[in-house]
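Okay, so here's the structure we're looking at.
Letters A, B, C, D and E mark the chains as written, and numbering starts fresh at 1 in each.
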Amino acid sequence: MTGKNMIALQDISVQFKQRNESIQAVQHVDLTIAKGDIYGIIGYSGAGKSTLVRVINLLQKPSSGKVIFGTQDLGQLDAAGLRKARRKIGMIFQHFNLMKSRTVLGNVEYPLLGLKITKEARQQKALKLLELVGLKEYAAAYPKQLSGGQKQRVAIARALANDPEVLISDEATSALDPKTTKSILALLRQVNQKLGITIVLITHEMQVISSICHNVAVMDAGKIIERGPVTKIFARPQQKLTADFVETATNVKEALTRILKQNSVSERKLLIYLKFIGNTAQESIISSISRDFNLDINILFANIDQIDGVNIGYLIADFIGARSVILTVTEKLKAAGIAVKILDNAEGQVQL
Amino acid sequence: HQVNSQQTKSATITVGSMGSDYAIWQHIAKSAEAKKLGLKIKVKQVTDGVQLNKATAEGSIDVNAFQSWTYYVAFNKQSKSSKLAALGTTYMEPMGIYSKKYQKVKDIPDGATIAVADNPSQQARGLVLLQKAGLIKLKKNFDVALGSINDIASNPKKLKFKQIDDTTGPRVLHTVDAVLISNTVALEGHLHVLSDSIYHEAVDQSTKANINILATAKKNKNNENYKKLVTLYHEKSIQKYIKDKYYGTKVNVAKPLSYIEK
Amino acid sequence: MANLIPNVLQMKAEFVQAIWETLYMTFAAAIVAAILGLLLGVALVVTQAGGILEDRLLYSLFDKVTNLLRSIPFIILLAVISPLTLFLVGTTVGTTASLVPLVIGIFPFYARQVQNALLDVDQGVIEAAQAMGSSPTEIIFRVYLREGLPDIIRVSTLTIISLIGLTTMAGAIGAGGLGDVAISIGYARFENDVTFAAMIIILIFVFTFQLIGDRLAKVFEH
Amino acid sequence: MANLIPNVLQMKAEFVQAIWETLYMTFAAAIVAAILGLLLGVALVVTQAGGILEDRLLYSLFDKVTNLLRSIPFIILLAVISPLTLFLVGTTVGTTASLVPLVIGIFPFYARQVQNALLDVDQGVIEAAQAMGSSPTEIIFRVYLREGLPDIIRVSTLTIISLIGLTTMAGAIGAGGLGDVAISIGYARFENDVTFAAMIIILIFVFTFQLIGDRLAKVFEH
Amino acid sequence: MTGKNMIALQDISVQFKQRNESIQAVQHVDLTIAKGDIYGIIGYSGAGKSTLVRVINLLQKPSSGKVIFGTQDLGQLDAAGLRKARRKIGMIFQHFNLMKSRTVLGNVEYPLLGLKITKEARQQKALKLLELVGLKEYAAAYPKQLSGGQKQRVAIARALANDPEVLISDEATSALDPKTTKSILALLRQVNQKLGITIVLITHEMQVISSICHNVAVMDAGKIIERGPVTKIFARPQQKLTADFVETATNVKEALTRILKQNSVSERKLLIYLKFIGNTAQESIISSISRDFNLDINILFANIDQIDGVNIGYLIADFIGARSVILTVTEKLKAAGIAVKILDNAEGQVQL
């Protein structure tokens, strides 16, 4: 992140009129995306994500608000100027949107057709891009002959043909299976790192956010209800909706419900939920406390992983030992910056 | 100078026609007599009479050969801008009342269905024939060119009329009680007016308005080459051909136009 | 043979000429109607709600004109169009004169078919082209007409077959053709073999066009 | 008024009758053609490759017959169908007699339209019905015709408008109607106001059918 | 599982003829599904999963082989008999396949239309089913007005209308977002438990298998390449493809690649990968060994969760202490039934 702004949406609202009613698809959204960032936008269906990103290149004219791209106010440009600006913003879609009448090469060449370069130069460039996405040998194939993941790679190559500064991905992996999704995300990460392209990425899957984004905005009913660095959002979601998304990515809540149902009560046992963020996870907490305090720690659920370079861990475990000792330990853990919650056995929801 | 241009133009004369007339003019075009007169004739079939007259009036067709005097008069009366001129008479052929079911006109029962042409001059002519046969009475001021079934004064047999495209006459013959068919059409349908009809027009003074003519645009009224077509039509060998082919139903009429006009 | 089709055999020259007339009318009218129909069809697609050059007023105008022209029965068109024909081709009868009513009779129909064909072009692809900075003209030529090509070929086949049907009525204004042979010779003279032969030739044309159209559409459908 | 349309005013009765004749031809032919067209259209859909009663032979037969009938120009059909007309309605002239060529001229076209409409019914829904143990008859009535209803209404509108166009040619066999008034009175007698009035009435019919069709289709589109 | 067979596919092959080539979509598959089971079929796109399950109710006639449903050989039935049998096999689809011309109630009523019951009885039954899937208040709505998850619930209610013995779900959750997927899977689990309906479930997401199925078959290129209880498959995948699926569900391989890249070598440190299955996970291994052997155990990655009632855990940790002690510990762990792998620091792939 260089700190320089690539995109700034200022007080954007979008209203759709349908028959009698009008829908506020986007409501007073401010959003600034720094150059070189990978910025995720997450939200359930109908939240207004697509509408919002379509505002970035004015495919959707906002009812009010300003779109600043680099230093240009896109709303002030004439048609030709806007088209020129759009070439700097590549876009990939859920359903690929390739032209079935053109070969893979032809599709990647498409954005270059208007330019004053020779056919050879154009094909050369398209081939280089196909090489980048690993599909050089499919140049002469038609989209119909490709798998979903391959089609999306072609779409990415096409979006890169104009040497864009920004790449917008609208649910580009939602139609793909998990394995293909990973390979597409890896390609996007590579594009971001090698070519320095800013990426705006829409999804409804938190796994996608956690595996590639630096920053994330959570949308609900046309508004951004929470935003910030991915690690922070994962660690301390402020909104219920955000917490829901985090939970589906970590399985914590589901595990908790199950464990609470199965757990047996005992004098010498306490069910404890721990959440570590950052370096604390590296410090062998479990082993050191079990050794130092002579506790048995029985791990019932654990999810410890790295998100955007930061370790984040969730752990549910039975601490077995004298109750007083266990309570001392929890204090010690809290002091070390770990979130600790003692779970009593009451059936039903426990707010984490 | 003017003669010159007329001569160059005389190279080919386009004759517009339809039905049996079309066949006759195709024969004439190929005949030795035409060559003798130095006429090159091209024949074109146009099955819509109105279009054929319009095309003739504005010059797309040089001469047309399909209409009766009454049809011609009606056209000139109704058409505001483009007018025709008659070049000369050709023949007269009787229209007939045909029936498969009845041998005589008086056999036609009450409430019978009669098919008549849907174009004005043929319809008017047919109605006059029906009056002559004693089946109906027409209004006093009946227009022999444009009169229609609305101008029937009395219809004692309560005959029902069906208006059809006149070229389909022979086709509907066996499904209606009687059909009025002009001879041009009847010949096409292999019907012989003198033997197959149960009643037909007399070819005489009283029906002279039905004489067929050659027509051209008003401005070509005096074109010598066009006038030669009238002469050509009445050539002996041509007449023999027509007589043989059409059993003498196309009665040759070689009279000056003044004969009809008066 | 001579027993089965006695009249046809005597009329070889007429048939050859009628075939040429029918083909001439069909192709010449098809070319002009194709241009007009494509223009109007594209105009309908781009100006309609959600189109790349959305314009309610223009769309409503194009739409109404198309409906209006399509509602005029051809037989009436054939009868009343002659002043326009005279103005455009200098004559109101003959094969060339028939092109005017034929074009006017068929191109609004073709425009509608083209519109439907282009509406089937994936909206997402259009949006992608817009996102890539393509201008409306580029989108029309590089996306709509190209992506829609197989469908355009299909509707062209359909239209050309309808056009052949229309040419059979053009005998009324002296255009000749197989329809005229079938009716004013075959039908009027009870020469059923002539009617039958003319119909068979028309059917052969129809099936040939269908075959070519199907093949072409398949070639362009990747 | 009397100056503008002198002849029309004198012909009120003829116009009323012609309107009735046109409506009678249109509706009577539409009803019969609808039944035949639906039958053939459904038959085409269910027998085609992947259909619920797939049958290559039958499909190819239905398909060929449809193409064949569609390729016969109406004006020729009008001329050559008379033996069948005679057999079916006992006469070859008049309004009722015109129903036979009208039906034969329009129902194959309608069948094709119905086929296209039913092909748009989601294949997945058909499969779901099969999986639920529905019989072919149940699938036709409870799924195809019901799910396809809005589209069927749309193609019916289109077809009925084409049918009105055909009725204008039926004057040739004594069927009367507005087309006949426009041509054999208005046109042949140079009473241009009559032609114009007849055309306006036809256009009103066309737009009315279009309006009703659009409305109905919307009602059934949930 | 009662042990009684509900479905038996015997040597099923399906061949498709296309132009010149013919595709062997399913090849000699034998598959037996017990009454009351939830049986998952997983495989990548084009593996032949849909074709195989469509054979179960003969929507797809097999080129060869037998389909036994209960005690009936479906291939021997006449059309009416087959239709009757099909009513005992409910099916739900990825794209819901609801009739847009019928209301929600009308859709659920559809399978009952042929039966000789009164309209009231029919509507009563449909309403009860809508209640079961939690959509009673939407009875009068049209499918268009529902969200994806709601549509799938209607489809489930419809599939249950005939009181089927088997419910086939062909990617029923693939078009849904993760949260909705969970609620649909919960509904299926409920249907299985409350109504005792056997479920056959196709998916390409291992998470779906792990969260609901008892048994699973892995398909590849028309063949079942591996099958068995879900826990067993998760614990010890035999085939590369199966291992791939398991990995996408657990993230182990990705984490490993990252850790190997970041790991620093040291005398007193050993990077160790552990896999626990079943009760071993319950035995506080980590805490007891760190205590007993005075080791620091620094957890870098952990994924410990329950699959089909059995604990399965993956753990990557630095064991810090004397090398000899660590090696003793690993032996002890192995003895306790835990898979242990010492990871040397060689860059690149480590076969787990």
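To be clear about the criterion, a contact is a pair of C-beta atoms (placed from the backbone, for glycine too) under 8 Å apart; a residue touches a chain by one contact, two chains touch by 3 or more.
Bear in mind the structure is a predicted one, so any value in this text is a computation, not a measurement.
**Q** Tell me which chains count as touching both chain A and chain C.
**A** Where chain A and chain C might share a partner, there is none at all.
**Q** Could you put a whole-Å number on the gap between the CA centroids of chain C and chain E?
**A** 56
**Q** Compute the distance, rounded to whole Å, between the mean C-alpha positions of chain B and chain E.
**A** Between these chains, centre-to-centre, one finds 88 Å.
**Q** Hey, how far is the Cα centre of chain B from the one of chain C, in Å?
**A** Roughly 36 Å, centre to centre.
**Q** Quick one: chain D and chain E, Cα centre-to-centre, how many Å?
**A** Computed from C-alpha means, the inter-chain centre distance equals 53 Å.
**Q** Any chance you could list the residues of chain D touching two or more other chains?
**A** 79, 187, in rising order.
**Q** Show the residues in chain A shared as contacts by 2 or more other chains, in ascending order.
**A** Within chain A, no residue contacts more than one other chain.
**Q** Please list all residues of chain B that touch 2 or more other chains.
**A** Those would be 50, 171.
**Q** Give every touching pair of chains, nothing left out.
**A** According to the stated criterion, the contacting chain pairs are A-C, A-E, B-C, B-D, C-D, D-E.
**Q** Which stretch or stretches of chain C touch chain D in the complex?
**A** Within the complex, chain C touches chain D at residues 67-68, 70-76, 79-80, 161, 164-166, 168-169, 179, 182-183, 187, 195, 198-199, 202-203, 206-207, 210.
**Q** Write out the stretch or stretches of chain D touching chain B in their complex.
**A** Where chain D meets chain B, its residues are 79, 82, 86, 90-94, 97, 171-174, 176, 180, 184, 187-190.
**Q** Hey, which residues of chain E end up touching chain D in the complex?
**A** It comes out as residues 57, 59, 79-80, 83-87, 89-91, 93, 95, 97-103, 110-111, 113-114, 142-144, 158-159, 162.
**Q** Over in the complex, which chain B residues touch chain D? Could you list them?
**A** 49-50, 74, 78-80, 115, 118-120, 146, 162-165, 168, 171-172, 174-176
**Q** Going by the contact rule set out above, which residues of chain E touch chain A in the complex?
**A** 44-45, 147-148, 177-179, 182, 204-206, 211, 244, 248, 251, 254-255, 258, 281-284, 286-288, 290-291, 294-306, 311, 313, 315, 318, 320
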